[in-house]
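The following pair of complexes shares a single chain, chain A, combined with chain B in the former and chain C in the latter.
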Partner chain A sequence: MPVETTPPADPLLSVRDLRVQFPTDDGLVRAVDGLSFDVAPGEIVGVVGESGSGKSVTGQAILGLLRRTRARVTGEIRFDGRDLVTAPEAELRRLRGAELAMVFQDPLSALHPYYTVGSQVSEAYRVHNRVSKRAARERAVQMLDRVGIPEPHRRYGAYPHEFSGGMRQRVMIAMALVCTPRLLIADEPTTALDVTVQAQILELLGDLRDEFGSAVLLVTHDLGVVAETCDSVVVMYAGQCVEQAGVEDLFARPQAPYTWGLLGSMPRVDRDRRDRLAPIGGQPPSLLAIPPGCAFEPRCGYHEEVPESRCVDERPALVHDGQGRAVRCHLTAGQRLTLRPVAP
Partner chain B sequence: MTDLLTVSDLHKDFGGVRAVDGVSFTVRAGETLGLVGESGCGKSTTARLVTRLLEPTSGSVRFDGHEISRYPERKLRPLRRDLQIVFQDPIASLNPRHTAGTILAAPFRIQGVRPPGGLRAAVAELMARVGLNPEHYNRYPHEFSGGQRQRLGIARALALRPKLVVCDEPVSALDASVQAQVVNLLADLRDEYGLSYLFVAHDMAVVRHLSDRVAVMYLGRIVELADRDTLYAAPRHPYTRALLSAVPVPDPALRGRRERVLLRGDPPAAGEAAVGCRFRGRCPRYRDDLDDTQRERCATEDPQLSSDPSGAVACHFPGH
Partner chain C sequence: MLRYLLGRIAGALTVVVVVSVVTFAIFQLAPRLTGANMAFYYTGKSTSEAQAAAVAQKFGFDKPLPEQYWTFMSGIVAGRDLSDGVTEVRCPAPCLGYSFRQNRPVLEMIGEAFPVTLGLTLGAAVLWLLFGVAAGVLSAVRRGSVFDRLATAVALIGVSVPEFFTGMLLIYLLTSGPAWLRLYPDGINYVPLTEDPVGWFAAMVPPWTCLALLFAALYARLTRATMLETLSEDYVRTAWAKGLPPRTVVGRHGLRAVLPPIVTLVGLDVGALLGGVVLVETLFSFPGLGRLAYRAITSQDLPVIMGVTIVGALLIVCANLIVDLLYGVLDPRVRNAR
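Right, the complex of A and B next:
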């Protein structure tokens, strides 16, 4: 099997050969199956995939949220030089909230219903900073103001249920950023929101990155959100990265047949209307039985281009081109150039 | 084209909350009307009112020559052959204790229809037509994937070849690659059987893909209704413009180059009767472009949906 090459960089977060496996009665679920990628300081990296691709589990593994589950996490998650996979729980607790923070899809289940939103934001600050309650309150009000909560002094005392979905997500972001973490993991932060509110939240994430210099790992199913927000992208399928690229490169010159399929599946408001979409056939594989060769092969329209049924028998390696691009596919670079569907 | 469904001044109150507040539209035979809007705008309630899963507070629903807004269930049942609905969440709308075969045979049984060649063959043909393996007729809903379950829901709705299918967010719970399969299936079935759709969804791109005309709802009202190409190329209501400009586009080259109409605030919850235009609190045009006299009009006078050759819009100062 070809040797996987390592991308160069001096990253803030460096994930190498990450595997997350859940033993179940039906067998071993390979949720993440050998994932490697980097996040540079201040960079917004999109992790995009469909349900079951392992994108959310990746975020949870980085934060150590799988430790109290039956999940087996192996590989390396190097954050600022420390390996989070092997770090003691006390050290993780010190990092969480202070240097690593997370925003979830559903802020209602992440906020405590009994406490006011302001007290939850100031508590998040006081856990990691020795300051008076008054100073923490001031800081919280400042953050609420910064994320666009109107009348933050008055709204400090409101409860989560008194807020709309968009306002709750702003509170979550305020709570996540109150200690100016170096890495924010945002797991589908706008999926539950209306599109006009999503636009506001995505703009806010970009502004806050510029202001605080926090890197963001944006986990999403939406290629549109990726295109509008991210600097670089990791495309996941069945627990593996199938393609990595800078955001402009990915959309202008996608390399993996799965990425072609995703782009062809999308109806778009920015292009002429097509009479038919070009979907990917079939379903994603069961994570209990990922094909031994290329995980995408059963749905791929190009496996006959590769001789000796290698796509069925041999798992392709993720090959880096040394310029920040990587693709996991047996097609040659020349074949990918000629076979890639022309954008409609 | 004849009008298959005509809805006039439809209202639905839930304990004083006006979920649907004076909605009128028609669906012509053979056409697809898209109904688009954000959460709480009343689009799903409208879908349930026209299929009479809910009873309107007032207003008229005329389907295929019948005024059904006050029909009792006894008179509705024979009409349901021609008026069907597909729901967003197939797992909640399919009986978990019934096999696919039982689920798909139910429409024939309930309506007393004996398909030529027998029930079993009709069910097998239906399954094959929506892309399910007919050998799976003994499987239960949980044994199918999300996309397959939605195919099952579509097959059930189409079993008796209805005239109108109301689709309420039929693809929004599906992953992108599977969503496209189901969108194509809906388009193929429409063409093959000459169906009409009322296609209710929040996704502007999916609605554009499937609809001939599109109605945009905001807070219980239709604020704009136009031909698909007109609406997407030249939206006139400030809300439609904002909605379209907020759709994330998978093209980083357009980042920062598209016109962005950012709305402040969230869509407000439906409420009681309000004075003036209900969108003005978030309206970028009201905020930035109008003078005091114009604003006064927005604040006091409720804009009505008024039609001209290029469509209908409910705004005192629409764009062109």
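Right, the complex of A and C next:
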């Protein structure tokens, strides 16, 4: 397998027109429906969306974890030049854990209850490195220490149930980073944790990115997490990317009506408490029957601004502005500027 | 861990005491209810009234039940002098009773029969674990495949066909079936392991097969179901995400989680079987505990029935205890819980 050398400016991960479909008795569930985005080396990219927007499925598709399910994955996932969708399983297995690693939402169920945390971390190291058990153990202890487990030598032999939620997630992160992967996919890594612990874990992820140079794909439903951690953001709705932007751009100048809705439903201390939160009305569409036009149209307050009911009939394309921003909406740039709810 | 261990052992001892009380009570009460003279159950076949009265006196059947129970239990510790009115015998400790029908201490008979049952049970357990668990794992990994369907069908047959049927079929085919199958032209006869290991093994194979067929089917179903559940667990997904080969994911991460329920069931099944594999032993005429009990029941040899019952109960309690202790070893969460 020849390894292509890519200049550092090229994206590490490049997802193009990714589709993940699950055939069920009720019909075809389109969990991801033509998703495209890039992750540059060392970048932290947030993937935001409501439950069922396809963000977790995207993470699992990148690792090829959906191959054992009935899911149909098409499109292109280029990682360092190699297409992961069509890569043989043996090659994917070499990449998993070594170059691509994953941290899951609930660290209690994601760690094996019958093995010590140390053995689980050193196993992850030994799969990809021909080293002695002792060397792997040393490496695991070193990683446990790095992610902030106190007394790592002693805790090496402890079982997952003997740790707190935050400590367990630290173990998961140590396990994911033990082979210094180039891309870490963190699937709601802080959702199951206390708020104070959340901040610690996010800080740890940021620190580790700086230290190991791993890019991070942070899957979350929490815009607050995105604001704190990410360099750029992909906003997902019904399996599609509706907006992509740098994190400051997104919060300062959101373009898509769905992003406006997300930001409006986010509590903020700097706003007057008498201003009620504005939740987005209605429900996301069923993934069995995504509307032929814009998927967000039924919940969108601006579709009347677009002539000839295009929002109902025609799916808007994801339009890139050439400066790293992309938006999927029929509204014109001028309209978006005037219609956008005023952010404080 | 130590507290867990001591707790379990104390529990097991309590159960043994309760079981001995209940067994004793049942076998004392039943003859009283039917109005038969207790003495006849304890003596040889031809017993005169005078003899019976002497036996009743010797055994203290007129004494209160707690005192009789105490005598019986202290016999286990210290031995007893017993008599059927004609012969006086010394039943040395531990004395579980003396069969005047066969003129032998009960413990000696059990001691002779137990190795047969032990060999039968353990051998069969090895067979059914090997085939049952392997078939279950393969079925789960290749769910919906031809193998899975075939295994399901075979398991269904295995569960539904009673062991006396497969046993008789085996005996017929192997002793007087077609010439190429007639591997045991002289019949399937039990040979003690110490006398002739090869002969022992050869004689054991048919009853092992007969027993294992039934249990392998049950274990295959259990393993398949538990394995399917385990393979959809988050920690198995983590194992895939580490880049482990399928062999390791299924064999190390999957099978490890399937182990506790299987070990539990094996312990209980082996414990129950050790008390006597009545059908198979009777069918193959193997002199094990099951056949001993069966014969004692048909000849109303009360001391033997009682002895086998208590020993059987003791074996089940021991098996339970071992399962509990193994569970502590297998599941770190149980270990720390108490």
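The rule is short, and it goes like this: the second predicted complex is superposed on the first by the 329 of 344 C-alpha atoms of A that agree within 3 Å, B and C clash if a C-alpha of one lies under 4 Å from a C-alpha of the other, contacts with A are read in each partner's own complex, and residues count from 1 in each chain.
Methods note: a residue touches a chain if its C-beta (ideal position, glycine included) is under 8 Å from a C-beta of that chain, and two chains touch if they have at least 3 such contacts.
Not measured: the values here are computed from a predicted model.
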{"item": "Clash or fit, chain B versus chain C on superposed chain A", "value": "fit"}
{"item": "Chain B versus chain C as contact partner of A:227, first or second or both or neither", "value": "first"}
{"item": "Which of chain B and chain C A:128 touches, first, second, both or neither", "value": "second"}
{"item": "Which superposed partner A:161 touches (first chain B, second chain C, both, neither)", "value": "second"}
{"item": "Contacts of A:251 with chain B and chain C, given as first, second, both or neither", "value": "first"}
{"item": "If touched residues of chain A are counted for chain B and for chain C, the larger one", "value": "B"}
{"item": "A:117 touches, of chain B and chain C: first, second, both or neither?", "value": "neither"}
{"item": "Least Cα gap, in Å, left between chain B and chain C after the two complexes are fitted on chain A", "value": "14"}
{"item": "Contact residues of chain A, present in both the chain B and the chain C interface", "value": "none"}
{"item": "Chain A partner contacts - residues on chain C that touch it in the complex", "value": "233-235, 237-245, 253, 256-257, 330-333, 336"}
{"item": "Complex contact set, residues of chain A against chain C", "value": "63, 65, 68, 93-98, 101-102, 104, 106, 109-115, 123-124, 127-128, 159, 161-162, 172, 175"}
{"item": "Touching residues (chain side chain A, partner chain B) in the complex", "value": "50-51, 164-167, 194-200, 202-203, 221-228, 247-248, 251-252, 261-270, 273-281, 283-284, 299"}
{"item": "Contact set on chain B toward chain A in their complex", "value": "38-39, 145, 147-148, 175-181, 183-184, 187, 202, 204-206, 208-209, 228-229, 232, 242-255, 258, 260, 262-264, 266-267"}
